[in-house]
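Heads up, the next two complexes both have chain A, just with different partners, chain B and then chain C.
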Partner chain A sequence: MLDLQCIKSFVLKNFLFTDDANALSDSTSLIGEGIIDSTGILELVSYLEESFGIKVTDEEMTPANFDSIQNIAAFIGRKRPD
Partner chain B sequence: MERLVECLRRHAGVTPAADALIDGTRRVSYAELYTLAASIAAGLAAAGVRPGDRVASLFPHGPEAVAAIYGTWLAGAVSVPLNPLARAHELAVAVAHAEARVLLHEPGQREVSTLANEPGLGQTRILPLDELSGLAAGTEPGLQTPAGVAADELAMLIYTSGTTGSPKGVCLTHANLAANTSAIVRYLGLTARDRVLSVLPFNYAYGNSVLHTHLAVGASIVIEKNLVFPRAVVETMQRERVTGFSGVPSTFALLLSKGKLGETRLDALRYVTQAGAAMAPGMIEKLAAALPGVEIYVMYGQTEATARLTYLPPARLHDKLGSAGIPVDGVELQVRDGQGRVLPAGEQGEVWARGPSVMRGYWRDEAATRNVLHEGWLRTGDFGQLDAEGFLFLVGRRSDIIKTGAHRVHPLEVEEAICTLPGVIEVAVAGVEDEILGQAITAFVVADPATPLTIERVKARCKELLASYKIPKHVEFRASLPRTSSGKVRRMDLSILSAEGSA
Partner chain C sequence: MNTIDARVLDIDLEAEANRIAARLREITSRDLKRRGLVVAISGGIDSSVSVSLAVRALGAERVFALILPEHDSSDDSAVRANILARHLGVQVETFNIGPTLEAIGCYRWRDEAVRTAVPGYGPGWKFKIVISGGVQGRINRFHIVAQAPDGKITEQSLDLKPYLQIVAATNFKQRIRKTMEYFHADRLNYGVVGTPNRLEYDQGFFVKNGDGSADVKPIAHLYKTQVYGMARHLGLPERVCAAVPTTDTYSLAQGQDEFYFALPWPQMDLALWALNHGRSAAELAPAIGVDVPTAEAIYADIRAKRATTRYMHLRPVLAGEVPELHF
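Moving on to the complex of A and B:
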């Protein structure tokens, strides 16, 4: 749950330029809504790698892992089973 | 001369079952595409559209975006494809300027709901595609003949990097499009067996040209909506056995670094084209090394010349590395000095072009048209030189237009948006070198110390008013801006200062 909040506040601050948590639901399609584009995703991946100490491979960059805050949080959860 | 819409009808008749468009699991045959276009044409006629009227269309990158263009032509009208990333205000500026009779859009399109409040749209009927189809219910589209329109009549308005105050609609005729299409088909050697992967939006000259050149030969177009997942794009290339791919420099930067382009077997791939901005020679060599045996076409052009002016034959890629190549069939190039005198090979000046693909002018803007069209020649605003063999080498551009990824952005447009924030004393926007994007939009803001202003506030205002790719990647607060003796802000100095500051 903590992961999800961290990811959400990063997305809010860096792609929606706000700290209003109501501006984005956890299931909103980040790509469909044009919130994250081809360079935005690189910024997001760098943030995840630095903050969570993980390595995201090119193969893992898929809509299933990245299209919503929920999906990203679940992906991070799987990458960090502890 | 066969118009593109007549060409589509021919393929729909001869190879009706062949795939025209492939969008994920959806396959649209030539017959289906023509039927879709014909039903749009019937709907437009029922909505009161007459030959010569402008029809704006707003669709995501997909089959409906294509059908809207061809359906508009079937009705004899002028297609105005709009940018699906644009915000309501940006869309309204183009639609009002084009005086569109109809704005046809994807049902549920996010920006359309607020569009009705924008000024200048009184004459435009805003119709979702499903409602338009209802207007012509009961008519049987079939292989109807396109409305009789002369080849030198207007076919398309492409809105390019203008500003709110002066939108720039490039006027292209059916003959312009047909001429550029056939020149490109010839040098790429395109046939009905080709399958191209298209990521570039159809509302830009390059994406528009990829679309028409492949439909013109009865080939297939595999659509990818975006480049957010580069690896998935390369997997689609492999799965669909594409023979061709077109991109801008940032496309290739992403596919090489994140898409494993060089590590994936792409047996069917025959050619790759690159245009949109100069690609660094180092990147061209990297691309060539990643794709052995694939023909790599470096190309150059302008929306004002439909799309393509020059191409570098793949056999000369290495010995003419860094060149934009030779003119495409029908195009003549000259390099001229500031007085308009033709310069000899080896001397630098402005590139002028003449040929059947040069636009008729900017829509309802005679002054802007006079600035670039002289006695049949187009002043490109690009600087360069021709070598002794006639190969073009470009060195730079006159205008301040920022090329970021596949997009072109006028700095004034971003400056206008930022100036609407309280506390902004002045602002200058410039492109700063960026590894992936080519140029990243950077805003230099002089703020009133009495009014608190943050980077987020500046970006948030841009997001409210502008398409997302126009939001500055970087915002820097400055005490003042560098100026020329006449008081003009030096955007060039800002780009350089910022690049040095971050180095």
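Moving on to the complex of A and C:
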């Protein structure tokens, strides 16, 4: 849950310039809604790698892993099972 | 439904050349109110066809060609451009923008970013950037391929920050070229021709305020296959007609499909045509020799690039209306 809040806070501040949590639902399609483009995904990946101490492989660079706050949090959960 | 193959791109080249020439006359005269056209020629197929159509429209005496090499340009590019200029009989000027790029920091900013990914990088090295992922249905990621002076080649993933800095630095090349084009256009009271083909225009494969800047883009609606057909139809020199598309931007030879497009251009043309004509991935797949999931991934890649590069096509966006200036 803490992961999800951190990720959501980053997306809100970095891409929407707001801290209003209501501006984005956890299930909103970030790509489909035009909130993040492919360059934005790379920026998000850099943030995740630095903040969560993980390494995202090329094979994991799928739209499904990064398409919503929920999906990103689930992906981080799988990468950090502890 | 008819099969998709290269024939779907067949057009009446003579009629199209005449139509574009008529439009160029009209645009230059009525829209731009200029007396001629400036075209920077690289020796590649797109600028060669564009300058030839400009000559068909206005005559060689009203077309000014520029050859603008820099340190990483292939020598063969300038040779081909000179052959073309002689063939067309246009006035041509060559200006090496390398010293300007050095002065503005292009190579320094670029090399600093390359060294963060390739620590030993320095004089005598060559490199290029390649993309991977899109055809596999993944999000595109960038890799840097570097060749040491001893010929050893290494490839590794490139983080976003150095990638953006390398692209920003190399974009100086297209922007300095455009500055030269507009200098001559202003001096002569001419307009500037942009030379993207449809693949480049649709997929945002240009530098905003660099090669993306122009007063008129005569072949932006033509698929690359049609541009090659037009070059042959116009009787351009064989060395120009046979030119292989490269970015001519990085020191290591680089095909456009390595850097940007998901597929080599003949297949990209068919994929873009099929998407534009509402054909399914199942119809496209056999035409380009891939399975259906790959064809679906290619459609997704085309759509993603359109979305990512939308801002490149945007005029400056106003925060309020100025209705008197709606053209």
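Going forward, the second predicted complex is superposed on the first by the 82 of 82 C-alpha atoms of A that agree within 3 Å, B and C clash if a C-alpha of one lies under 4 Å from a C-alpha of the other, contacts with A are read in each partner's own complex, and residues count from 1 in each chain.
Simple rule for what comes next: a residue touches a chain if its C-beta (ideal position, glycine included) is under 8 Å from a C-beta of that chain, and two chains touch if they have at least 3 such contacts.
Computed from a prediction, not measured in an experiment: that's the story for all the values here.
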First, second, both or neither for A:Gly77, with chain B first and chain C second: neither
Partner chain in contact with A:Ser46 - chain B first, chain C second, else both or neither: second
First, second, both or neither for A:Leu16, with chain B first and chain C second: first
Doubly contacted chain A residues - partners chain C and chain B: 31, 34, 37-39, 41-42, 58-59, 61-63, 66
In the complex with chain A, residue positions of chain B that touch it: 85, 110, 226-232, 250, 254, 258-260, 405, 436-437, 456-457, 459-460, 463, 468-469, 473
Residue numbers on chain A that touch chain C, as the complex places them: 31, 34, 37-39, 41-43, 45-46, 58-59, 61-63, 66
Residues of chain C touching chain A in the complex: 132-133, 137-142, 157, 159-161, 163, 300, 304-305, 307-308
Interfacial residue positions of chain A with respect to chain B in the complex: 13, 16-18, 31, 33-42, 58-59, 61-63, 66
